[in-house]
Amino acid sequence: MKELRDRKVELFRQTNKDRARLLISCKDQPGIVAAVSNFLYEYGANIVQSDQYSIDPEGGLFFMRIEFILPDLKRQEEKLEEAFAAIGNQFRMDWRFAYAYDIKKMAIFVSREDHCLMELLWQWQAGDLVADIAVVISNHPDLGPTVEQFGIPFYHITVTKDAKNEAEQKQLKLLEEYEIDVSVLARYMQILSPTFISSQPERIINIHHSFLPAFVGAKPYERAYERGVKIIGATSHYVTDDLDEGPIIEQDVLRVNHNHNAEDLKRLGRSVERSVLARAVAWHLEDRVLIHKSKTVVFN
Amino acid sequence: MKELRDRKVELFRQTNKDRARLLISCKDQPGIVAAVSNFLYEYGANIVQSDQYSIDPEGGLFFMRIEFILPDLKRQEEKLEEAFAAIGNQFRMDWRFAYAYDIKKMAIFVSREDHCLMELLWQWQAGDLVADIAVVISNHPDLGPTVEQFGIPFYHITVTKDAKNEAEQKQLKLLEEYEIDVSVLARYMQILSPTFISSQPERIINIHHSFLPAFVGAKPYERAYERGVKIIGATSHYVTDDLDEGPIIEQDVLRVNHNHNAEDLKRLGRSVERSVLARAVAWHLEDRVLIHKSKTVVFN
Amino acid sequence: MKELRDRKVELFRQTNKDRARLLISCKDQPGIVAAVSNFLYEYGANIVQSDQYSIDPEGGLFFMRIEFILPDLKRQEEKLEEAFAAIGNQFRMDWRFAYAYDIKKMAIFVSREDHCLMELLWQWQAGDLVADIAVVISNHPDLGPTVEQFGIPFYHITVTKDAKNEAEQKQLKLLEEYEIDVSVLARYMQILSPTFISSQPERIINIHHSFLPAFVGAKPYERAYERGVKIIGATSHYVTDDLDEGPIIEQDVLRVNHNHNAEDLKRLGRSVERSVLARAVAWHLEDRVLIHKSKTVVFN
Amino acid sequence: MKELRDRKVELFRQTNKDRARLLISCKDQPGIVAAVSNFLYEYGANIVQSDQYSIDPEGGLFFMRIEFILPDLKRQEEKLEEAFAAIGNQFRMDWRFAYAYDIKKMAIFVSREDHCLMELLWQWQAGDLVADIAVVISNHPDLGPTVEQFGIPFYHITVTKDAKNEAEQKQLKLLEEYEIDVSVLARYMQILSPTFISSQPERIINIHHSFLPAFVGAKPYERAYERGVKIIGATSHYVTDDLDEGPIIEQDVLRVNHNHNAEDLKRLGRSVERSVLARAVAWHLEDRVLIHKSKTVVFN
């Protein structure tokens, strides 16, 4: 069992050898691109993709993502970062190197509905989702056998109103134990506490089954049916303390009509939820998403 | 000038000779379709299109739209309606015949933004929008010359906070004078009073520049930008006393990204607003929209 | 193993108790709808959905699909069909009753790519695809274990250039043995012989990985990349002797750009192929697709 | 009349003061981005947007577009270009500076259908299409009055089979006289000769009313109807000697069904043609399109 997961991770690591991304955000000012590209050029890095975005050219904010290949990168990580620190200081940057061979460790939280979980597992198995899906955590036991077929450990942690705190402590312990980099709420039907969320900043991705900000909160399909909308949607966003108000990563929609009742909307909506969540998670894994206040910059 | 409008109406009338639609809503019960189709068969009507919808097959509601052609229809209107009344009574139907050659008289309300107005005028000129655009009313004088080029009368009625009632009285007088069947708010930036609205039930169509129920009210593009949505939209709906809460006729969306500022959203959104409003108005004109409580059944 | 499949079929049968569809195509003529709706009314059938389409109102063709519920339908099948034959003769109809509780037996043909197969199996498992997936046939052994996890028999039949005929004989024998109603080619990378196809008229559904009629034949993604298209697509159609020329059931598309190479198109296209095929198969299973010459009428 | 056009151009010029784009294509090699960004930094240019694309990181091709603002740019054009030539030579680049205040002079070719023409004129009037629409040329006189209302000269040049060459000579003379930078075929129903095309390399944009490469050539909507496609489309591309085979700039699609006949497809397709052509032309005007062999790189 465990073999399948280990083999996947090893395969991903090999495929991404020598590949990294440099992520920068800072106050916009002249000379940033020149300084950064000179730096990478001198190190012999081959720039594969480069994206930048300025909120307001004059005196605003600057965001950049550079994907590059540098032979024998793993051995040069430390040297590279030390050298880049000078540029970072000069421009007062928030910066980090993300090494693509450091496959991100992912936890998936799930309740009873399996479609979002299955899409992730399936894309992972097909090699399209480059992550180490280290653990699946659920407040119901139902999906255990399915998850274990993929060689991934499954933990059933009951969540009750009175013992929510204890449950979250167990969950956090698992995240620590498995050294989780990112948690994905794949239709996990529990609201996380502020304590939990603040311990995982910008590291929890949720799928909400509506086109936010329409239908924040519970039962969005029922409310979409009641309102008589002609299009339904799904939204993937980072989780913050404000329910369904976190920075949006991706959204998509689907046309419906008066023939569809609330059950139809649920059924049809599943395919949108699946693809929206999978895209958002993939972009996060490839370090394509930068968060700025309540919004995202997605370089895709 | 006036000639262009008159010629259009005459042309539409000829094209739609002998064509009508029968619209029915009632409690669902056995035998409706049989009774209605027998009736039309006996009159020699040729059914061109037939649509029906039951909210809940057992004991729910039933909606039907039948489009038919009946030679020499104009002379038989009265006889047909008298005869159908028996069926209507039997099934306790809300029913009406809508004769396609009775080209609907339309008023367009507009402020300063011209894109929705122009789309309607243009589709009307191309023969795609079968209406008698009888009058354009605006709270600003700017678009007068443009409208008059199309041979359509333009009225500038100033709307001020203190004299809103007087302005609405003038508007209602125009609607009466021109025997208006439907009013279209083509980005008309004034809120109509309950008195005005209740005098025009199910006869006012609005375009809202957001994907309702997201961003009800003012400045939806600015708020969409602030929220960081990845998709924007537009919604056309019937106007009721609850702002932006009336029955939705049509919606559509457009993908955007972090590169787009609020001004970009406005510019890009214009094309969605145009097409959504034009579709909704066309469906209304073709008697394809049935209203049921706060929702629509659109047979398209 | 076999239990899972049996349980699914039994469940579907119960859910669809007393439900049937009447499918009609004939020359357009007055009185059809009246006759058919009278007939169903007299039998006490409750019409759930009714769709019709006339190619040309005067002297053209008429297509109709009526979905109805009739208590204790199973015992009345024979009587109903005998009685309807009179109407069928009168209007020279092609007609058939399709009983929803007669769950259709499906064979899936697959090669090495699993995404279309998995989408079907998954929707079937979720109860969204109401079929008896009776057998999966492949020219490669790879997907056997996956299929068998779903309790579905898997047959590996090697297809070689020289022994294609023998392979097809084996396949046809399986279709007969399992009493297959419809075969789905879920990225089955072999061209079927005219003999095979003519033995399964209007019963084979294929997914082609392009937006037909663009890129008929082999390697559509590579050719889409070479041509520099900005949108790719997928097409599901009935199989006829003319390669990729059969009646189209459903198509969908996806936006791409210069950043995507042929491998990216393949990867992105998988999601479109999956959803297009699943929709087409579902519509076929619900008897929503009528074939007329080289085209389809889809009542959805 | 002429005033309107002159005022537009002056307005566009003011809005785009000090703004330019640098366009580069060359063999991919280390140090390009560093060299270019250093150069612009030293000149005090403020980079507004920067996009790059490498076909194959190792030994492939490199494309770049940098949009920047440089105070008092108009006076420094010559100096800037002379100085950049050294970098251009070093990396053997194809390069050019495109100054945004040099508003491009556009000719529109049209026949009888007005929808694509009107969309361009309208977006131009709204300030969304930044061009100097210097002349409209048609093989029919019908649209003259409409065009002249916009203050734009209209030329009717009859095109006959026998005198096509003479007609093209007249057209080319107009292009020269008005110093045209780009010609847009807005549903111009004539095939241009190789001589004409080769005199305007990469300067003629066409709209084809199908989703290319499906339905190359005449009557695409009729053929789409015959084939029974479920989605129709439109394609904007540069014109080359191979009919409908030039580099694609933009495509879009629209869902249709069996209810739509060929006339419906034409009517519905108009809205897609309009928006696809307008987007393609806007991108060309903003120097966002680089041509590489038979394909485009669109930085949008």
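By written order: A, B, C and D. Residues from 1 in each chain.
We adopt the following convention: a residue touches a chain if its C-beta (ideal position, glycine included) is under 8 Å from a C-beta of that chain, and two chains touch if they have at least 3 such contacts.
Listed by chain with UniProt protein names: A, B, C, D = Formyltetrahydrofolate deformylase.
Please read these numbers as outputs of a predicted model, since none were measured by experiment.
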Shared interface numbering between chain B and chain A [over half = same, under half = different]: same
Reference chain A; chain at largest CA-centroid distance: B
Centre-to-centre distance between chain B and chain A (centres being mean Cα positions), rounded to whole Å: 43
Whole-Å gap separating chain A and chain C, where each centre is the average of the chain's CA atoms: 37
Chain A, residues touching no fewer than two other chains: 49, 259
Contact footprint of chain C on chain A as seen in their complex: 49, 114-115, 118, 122, 126, 128, 149, 259, 267, 271, 275
Of chain D, residues touching chain C in the complex: 53, 211-215, 226-231, 233, 247-253, 257-259, 294-298
Chain A residues touching chain D - in the complex, by the definition given at the top: 30-31, 33-34, 37-38, 40-41, 44, 46-52, 54, 57-58, 69
